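Labels run A, B, C and D following the written order; every chain starts at residue 1.
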Amino acid sequence: MQVQPVTRHKVAIVGASGYTGVELVRILANHPYMKIASLVGDSSAGQQYAAIHPAFQFLDLPQISSFGDFDPEAHELTFCALPHGASQRIVSAIANRTRVVDLSADFRLRSVEQYEIWYGRKHQAAELQAKACYGLTEFYRTEIAGSRLVACTGCNSATGLYALLPLVQARVIKLDRITIDLKTGVSGAGRSARVAMLHAEISEGCRPYSVSRHRHLAEFDQELSIAADEPVRVVFTPHLVPQNRGILATVYVIGDASQIHRTLARRYADERFVSVLPLGDIPGTRDVRGSNRVHLGVAADRNPGVVKVFSVLDNLTKGSSGQAVQNANLMLGLDEDAGLGMLPLLP
Amino acid sequence: MQVQPVTRHKVAIVGASGYTGVELVRILANHPYMKIASLVGDSSAGQQYAAIHPAFQFLDLPQISSFGDFDPEAHELTFCALPHGASQRIVSAIANRTRVVDLSADFRLRSVEQYEIWYGRKHQAAELQAKACYGLTEFYRTEIAGSRLVACTGCNSATGLYALLPLVQARVIKLDRITIDLKTGVSGAGRSARVAMLHAEISEGCRPYSVSRHRHLAEFDQELSIAADEPVRVVFTPHLVPQNRGILATVYVIGDASQIHRTLARRYADERFVSVLPLGDIPGTRDVRGSNRVHLGVAADRNPGVVKVFSVLDNLTKGSSGQAVQNANLMLGLDEDAGLGMLPLLP
Amino acid sequence: MQVQPVTRHKVAIVGASGYTGVELVRILANHPYMKIASLVGDSSAGQQYAAIHPAFQFLDLPQISSFGDFDPEAHELTFCALPHGASQRIVSAIANRTRVVDLSADFRLRSVEQYEIWYGRKHQAAELQAKACYGLTEFYRTEIAGSRLVACTGCNSATGLYALLPLVQARVIKLDRITIDLKTGVSGAGRSARVAMLHAEISEGCRPYSVSRHRHLAEFDQELSIAADEPVRVVFTPHLVPQNRGILATVYVIGDASQIHRTLARRYADERFVSVLPLGDIPGTRDVRGSNRVHLGVAADRNPGVVKVFSVLDNLTKGSSGQAVQNANLMLGLDEDAGLGMLPLLP
Amino acid sequence: MQVQPVTRHKVAIVGASGYTGVELVRILANHPYMKIASLVGDSSAGQQYAAIHPAFQFLDLPQISSFGDFDPEAHELTFCALPHGASQRIVSAIANRTRVVDLSADFRLRSVEQYEIWYGRKHQAAELQAKACYGLTEFYRTEIAGSRLVACTGCNSATGLYALLPLVQARVIKLDRITIDLKTGVSGAGRSARVAMLHAEISEGCRPYSVSRHRHLAEFDQELSIAADEPVRVVFTPHLVPQNRGILATVYVIGDASQIHRTLARRYADERFVSVLPLGDIPGTRDVRGSNRVHLGVAADRNPGVVKVFSVLDNLTKGSSGQAVQNANLMLGLDEDAGLGMLPLLP
């Protein structure tokens, strides 16, 4: 099915073995205008990618190389899928020699001070923060297209922001009465060995986590305050549910359900990856699993003025790697939706 | 291990093949002071119980009999585990000849009018409603002990009420700012064939349901308004998560976290089945799976005055069948915790 | 990403709401040379497809029509994804007016007598059976390309046949010592309401089923006997495991591991959708989930002469709907792999 | 419900935080004649047990102590639930001062040579091996009752041995034609951080493992050869399925189905924890989840002489911690089934 265009842009994935790295491979291997020219990972350097992920053994992928052997200039764009903290050193070493789409949290915050407050350490590439663009594509399209360093959003943040940003911008909800109750699958925790993420610890149960302070709050604060032009501080509670993919944000706001629905429907009318369901229809995370899509639903509560907005996306696709490719498309001057036609996997 | 007391009270289970029926069998088969004398079910009459639930074939259980052959007077107490609507006819036929613990929704509401509003039909045993006692044991202990008809609570309602009733009674939260975001496992939907409840429709995803109107709201309204002595109307959103057992209620309230925590800790200090975790500790549904317990947690939000109260229970145990046995213990003059020592199953 | 070719063949899906129907929509909506011109289903006629499967609401799909309104001649090919038994009536009504790829069991057996034996009733379109071609693409390529009625294989059968057919043809294993122990996900049971398929009945457990007689045995008998040119009767035990997609066949044979591995490797060397792993490497069902691929592994047992062959595929993709599209590609003269580049979804 | 006998035997659990340790706590906390006097664990010494497993915070349990502070003589029996290898050092230090039930693999093999072959290192307490008794209760009852060191079986081995030992002893099957295809849940892999055991790596898929050599084979070889009085070498393939608890062994043998069924039925007629289902009935792992039970089923294959025997148990209960308590009951002269009446958790 792959149509071979005349030229395909060479791209690299640094940190290719984790879940966002795997998802990048899944998307990019079928991308009509990009070609995975390098897979970089220090811990697995020298191995075939299929030795780590046998699912992909039939693909013609480069062998994994060490970062020391990586030549950023040979790539028009580099996806950096490293853990938080590790990313800033790598990105600062390559950012002037290749476009970078970073999937970590390291460049999401505009303020160096806020980074230190939320992440508890000094940023090691503070000067780059100023240049980085926040990667919520539908809201920063022009900036992303002109940027050489884009920081993909947190997956939790993205889920909430799709529901809230248009409402805050349009001032159709009370800014001091926003509550986000979020349910998230486990792949967002990454592919590192942790007792708390074992199947035997996760399945058959759900639980809240980071209830008093979660780092994705920093992004909510930043983006909603910009949109409102005044400080906005949401109430936010993430919960871990026993599924691999998918985030559902249940957002409680104060406003008029019809106006809220209309505001969202208008804002996203021309967005290919965002669907606003008819008023009263409710999305589930399975509706978007494996796709680069957001589904939004709006329902009035029986208490006048209380409205529930529901937002779902796949944390690995629209919440990180799909979003990353969408941004990369813009940065390389391609169609924004190139390579992103994957449909939801049901069931 | 079973210690045989001199006498064991004869009890019956009407509607024994569904999930609350199975859970009653699991509990009662090991109960030191009750004996399952009859299993009643019209659709499976004449069968051995093990033909439906082979897990229990080693138990010495009576054959399933039809309701027509059921003699209520031969039983000191009858558990009625029928679907909503079906229960009221059966209960009205037997209520003057045996004590009844009803697990359906048919006798939970005190008001005949409210029943019609929420359930959309006339109650067929309206006169019995007045006599029925609401089965939230820790709050209606004396009434339950003296009652001959106890209506077990909805499992969702119970989860929220354990968190809220002491706070409403003590007036330490704002009554018009209560939001309950609830996550529930699938066994609450019962053991009937429905496409929406297939494994292939449930696993790997979560979704809200009945977001604008859920019948358990009627119980919240009733019980919280009694506690407040004024109308209370919570905001409530249930969500289906891919696990068999367990409900987590995340309750957003306005108040002081320490005072809220103290109020709950004091209220439940002497309750064997309810634990209030240290302030800031957060429960998960796996902590109580298979046990007759409630765990409550309290955490302050970063926004001053906003407090999150978390409540977990197993919908089939403390949320229905365990609660039913706890109530039956009271009605028969037994120790309230007799037969209810089952510990959580981990993992 | 979709490249619009000059012409796309009009195809129809009859029975579009079940799981194989949904999977056909997932594949065909991105197919470069086919266009879904009709969705046909009597029970959901008049509805939008998104009303049944909201995941697909952003797709431009035809409204579901009744079979009475369906014009087979307007379609170059019709996928028939109806339940067993229902399919033969429909197919016999349209088979002379459109090419048909049938996903049911109705046309898999060459012998009318065998059909009656295994399915317990007379075939209603016996004359069509003779014309139907068995849809195991890699083994019936030429016949499929020239056929107007192709019967896709059973998903269990396909999983076993990929492992066994080359070995039986090459006579490198003992024909009377073949045991197939198969583990299958639940989506193969279809999207109809059954208590046994509820999430609460499936999750957290596995069990054998149809251990003495399973209809897919008829296909094993038919195809392996043809390959051997003598009757072959395998031992076969299917098991239900708590996952939505994926089948794993563990096949116990008597032979030489290296020879067996070499036989499989050679046979599939040029097959795009079948990978034979290095000797000793073992596949899992997740390696192929959502893709149109088969992975095969071979390992010697410690007992000399005993060899284990492992075969995995996704029952909905390579096991039915992906196979169906692969066959349709051949029937329409297209590239065999057109539209089938979907990569496995991990995790 | 707990009946307090006059005296309860003081027991210790060394290695209490892993899954077999947790299961021991679940069982022993309700045991009528044993009392958990010490919980020992070096890595968690000084902590409350509830800090690790909040599910048990309402229990009155001793604080976790270090092994250095552990006085074996203060305990009539010590359960040792440490990982393989670690156990032999600990057990050799305490075995002459307390009865020991060891749940690791360290003392299962009678032969020091076999231990070295299968575990790849010298045994550090070889002299104790001779004294240790294999803990398959129903087959070593007398020896266990008189032993001071009992080695609980591997959970996989136990599942297969319940099906096979009576058949081998009675010589009703061919000894060189035994194939065990085993499906096991993930809790058997323990509660240590491993990428391969993450929820995101396990759910929605199954796969074989250790297909050429699995250590539990050593137990099959040992016990079946003793039973046969000649070497028996089964074919064995374990598979990981996405569930927490439960093992299903599908055992393919050559013999007469009725004779096989009769042999099993007679052998287990008086065994409280083993049920042989009617001929043709098939067990599933959910039937025994959380209970100390084994269910066995027998079905004839369509190929004359081929018989399938199915065996299910819960790996954490009858496969390890329940078995351990059953053995401890015998060693302490208690009723064998004391404290083991837990019923299966459905669903």
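Note that contacts are C-beta pairs under 8 Å (C-beta built on N, C-alpha and C of every residue); 3 or more make two chains touch, one makes a residue touch a chain.
Nothing here was measured: the structure is a model prediction, and the numbers come from that model.
S.K.: Which of the two pairs, C-D or B-C, is linked by more C-beta contacts?
M.R.: C-D
S.K.: Using only Cα atoms to place each chain's centre, name the chain farthest from chain D.
M.R.: A
S.K.: On a C-alpha centroid basis, what's the spacing between chain B and chain C, in Å?
M.R.: Averaging C-alpha atoms per chain gives centres 45 Å apart.
S.K.: Could you tell me the distance, in whole angstrom, between the mean C-alpha positions of chain A and chain C?
M.R.: Chain centroid spacing, chain A to chain C, equals 35 Å.
S.K.: Quick one: chain C and chain D, Cα centre-to-centre, how many Å?
M.R.: Roughly 40 Å, centre to centre.
S.K.: Among all residues of chain B, which ones touch two or more of the remaining chains?
M.R.: In chain B, 19, 187, 200-201, 203-204, 242-245, 283-284, 286, 289, 347 touch at least two other chains.
S.K.: So in the complex, the part of chain A that touches chain D is made up of which residues?
M.R.: Touching chain D: residues 19, 186-187, 189, 191-195, 197-204, 242-244 of chain A.
S.K.: Which of the residues in chain C end up touching chain D in this complex?
M.R.: Interface residues on chain C, with respect to chain D: 179, 181, 183, 200-201, 203-209, 211-213, 217, 233, 235, 237, 239, 241-246, 248, 250, 252, 280, 282-286, 289, 299-303, 306, 308, 310, 347.
S.K.: Okay, in this complex, where on chain A does chain C touch?
M.R.: It comes out as residues 1-3, 19, 22-23, 25-26, 29-32, 53-59, 187, 203-204, 244-245, 272, 275, 277, 281, 283-284, 286-291, 293, 295, 335, 337-347.
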